[in-house]
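Listed next: structures, encoded as structure tokens.
Both complexes below contain chain A, partnered by chain B and then by chain C.
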Partner chain A sequence: MAQVRPYVRPMKGWWRRNPYFVRYMIREVSSVFVAIYALTLLVGLVRLTQGEAQYEAWRAALANPLSILFHGVAFLFLSYHAYTWWLVAPKTAPDLRIGKKPVPDRAISAGGWAATLGATIVVFCLVRWM
Partner chain B sequence: MANTRTIEIEVFRYNPETDVEPRFQSFQVPFSDDTSVLQGLQYIKDHLDGSLTFRWSCRMAICGSCGKMVNGVPELSCHKFLRDYYPGKVKIEPLNHFPVLRDLVIDQTDVFDKKLPSVKPYLVPENPRPMSAGPNVQTPAQLQDYYQYSQCINCLLCYAACPQYGLKKDFLGPAALALMHRYNSDSRDAGWHVRADALNSEDGVWSCTLVGYCSKVCPKGVDPARAINQNKVNSTMDYFGVRELLMPKGGR
Partner chain C sequence: MKRSHEPILWALFGAGGVVSALLGPVLILVTGILGPLAIGLPPDALGYPRALAFAQSLPGKVLLLAVISLFLFHAAHRIFHALHDVGVHGGPAGMVITYGGALAASFIAAGLLLTIGI
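Up next is the complex of A and B:
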């Protein structure tokens, strides 16, 4: 009688085998940049509570070329993160309905992208001209 | 055969009696415009190598037996045509994340014998319902609440698409959780509480990282990623004890 001897294939390198998984991994990695950026802002807030000199020192540190490079890269990852966040939002949102009709997936994604873009423009204008 | 062309099909081979490692074997297969990938495999078995082993049954995308990795993508092999891969070659492997018994045949017992039964996939009514009560009716709108989730044919493409299942075998996985959601969202069912432990557990909805590929590959339009992630909300409400308060009809 034939012996049952199943072969189990290794998972090593699984995410490189399919472009869909590569995009998923970039999405997941982008959250690291989101976190570092958020921490940087939080540090700024803490420095602000410590006094003007400390706050100015934090701002000077941000003007460092390495810091500017990081913020450039972080901006790209943040944009991708925002894009994918709203792309999957229809799946994570509770069952949304207008009257009895379910809200179409595209409307949820498009609404999210519009809100993100709108908020970005408002914050940019506030920081730049206020 | 009209318009016969020839395509290279590269097949994953593994014989548990003689092989330590799997290997790939190439075949030249004639095909026409209406030859499916499954028919390509059948041509190999009938004319080139009778030892090639694979599962199939209905040939029309409803039995769920013939799932394979076709050029790295989980597909029903009866549902794809060789013409769409020509002039490139077609690489056929067993569905990912499952142990291989022989050639393209996988061991499905983990999902069929353990995972699917664990979600109690049957109506659990609030009160026992005698046959004399007649048909257990519902409105078309109530049917619509779960209809797409009832279309699953257990082909396991979603498990082959789920790296979380590949990395973490205890994860209940896409089809089982979608099936759980199918019964939980049925107006005739009151079984949330008997299914809640499986759903709320680490190996339930919380092992999903929303890769989302399961919903992409489903040949029947089921959206397991949505079923799972909507239930993260339900699971959170359940944890704080507010689910019954916030859900319509007391969230039975």
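Up next is the complex of A and C:
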């Protein structure tokens, strides 16, 4: 009797076959940088509670070229995360309407990108001048 | 019927996604690049007295806890599901590591911010 051998499409490396899924994976990987950065801040908070010398040691570690390099890469990933987050925001946002007309998807995304830009300027000015 | 915990985790993921989309780039720029290199910022912008005063203020406490906790819940959700997508099925143990880790770090941050004074 002939043996039934159903074809099972191999799934290994599925996301590398399509640029859409490659972008999806880059977006998901951005969260690793989100996590590492949050833990870096948590360590800084721990050091802050321990005293001035400990906190300044943490700051010195952040001035290490490898740390600067990491933060440079993390900045690119976080920026990509911000870009994609607002790009898909129209799909997750509630039904927004002006009068009876639904707000166009592009307007929702543009509002998000503008909000990120605004927050960036506000935070920088607060740290610089306050 | 067993109720799903997914809405709570998704809400935390979504909140973390919004906060990290708004503040992630600028925070990394300020604390990780411009601050340490003292480019565009005074050298003591992130110095001990300012950092302590910030962590002792109510807005500072709220912001630090929100950023640390929500960033981690956001990342936990994405890492857990992305690992599933590449064939690593974490199951309950994976959830304990990702979401549990975010929860533990949130409690640590909250405890530190409560004890650092006002």
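We adopt the following convention: the second predicted complex is superposed on the first by the 122 of 130 C-alpha atoms of A that agree within 3 Å, B and C clash if a C-alpha of one lies under 4 Å from a C-alpha of the other, contacts with A are read in each partner's own complex, and residues count from 1 in each chain.
The definition used in the following text is that contacts are C-beta pairs under 8 Å (C-beta built on N, C-alpha and C of every residue); 3 or more make two chains touch, one makes a residue touch a chain.
Note that the structure is predicted; figures quoted are calculated from it, not measured.
When the two complexes are overlaid on their common chain A, residue A:48 makes contact with chain C while staying clear of chain B. Judged by the touch definition given at the top, the superposed model places A:112 against chain C, while chain B stays out of reach. Once the two complexes are laid over each other on the shared chain, residue contacts for A:128 go to chain C alone; chain B is not touched.
In the superposition on chain A, A:29 makes contact with chain C only, while chain B stays out of contact range. Touch counts on chain A: comparing chain C and chain B, the chain ahead is C. Of the two partner chains placed around the shared chain by superposition, chain B is the only one that A:6 touches, whereas chain C remains out of contact.
When the two structures are aligned on the shared chain, A:100 is found in touch with chain B, with no touch to chain C.
With both structures placed on the common chain, the touch criterion links A:15 to chain B and to chain C. Within the superposed three-chain model, A:92 lies in touch with chain B and with chain C [touch as defined at top]. On chain A, the patch touched by chain B and the patch touched by chain C overlap at residues 11, 15, 28, 92. Note for the complex: chain B touches chain A at residues 14, 16-17, 19, 21-22, 72-73, 96-97, 99-101, 107, 141, 163, 166-167, 209-213, 215-216, 223, 225-226, 229-230, 232-233. Touching chain C in their complex are the following residues of chain A: 11-12, 15, 25, 28-32, 34-35, 37-42, 44-46, 48-49, 52, 55-56, 59, 62-63, 67-68, 70-72, 74-75, 78-79, 81-82, 85-86, 92, 112, 115-116, 119-120, 123-124, 127-128. Looking at the complex, you find that chain C touches chain A at residues 14, 16-18, 20-33, 35-37, 40-42, 45-48, 51-52, 55, 64, 67-68, 71-72, 74-79, 81-82, 85-87, 105, 108-109, 112-113, 115-116. Contact residues of chain A toward chain B in the complex are 2-9, 11, 14-15, 17-18, 20-21, 24, 28, 88, 90-95, 100.
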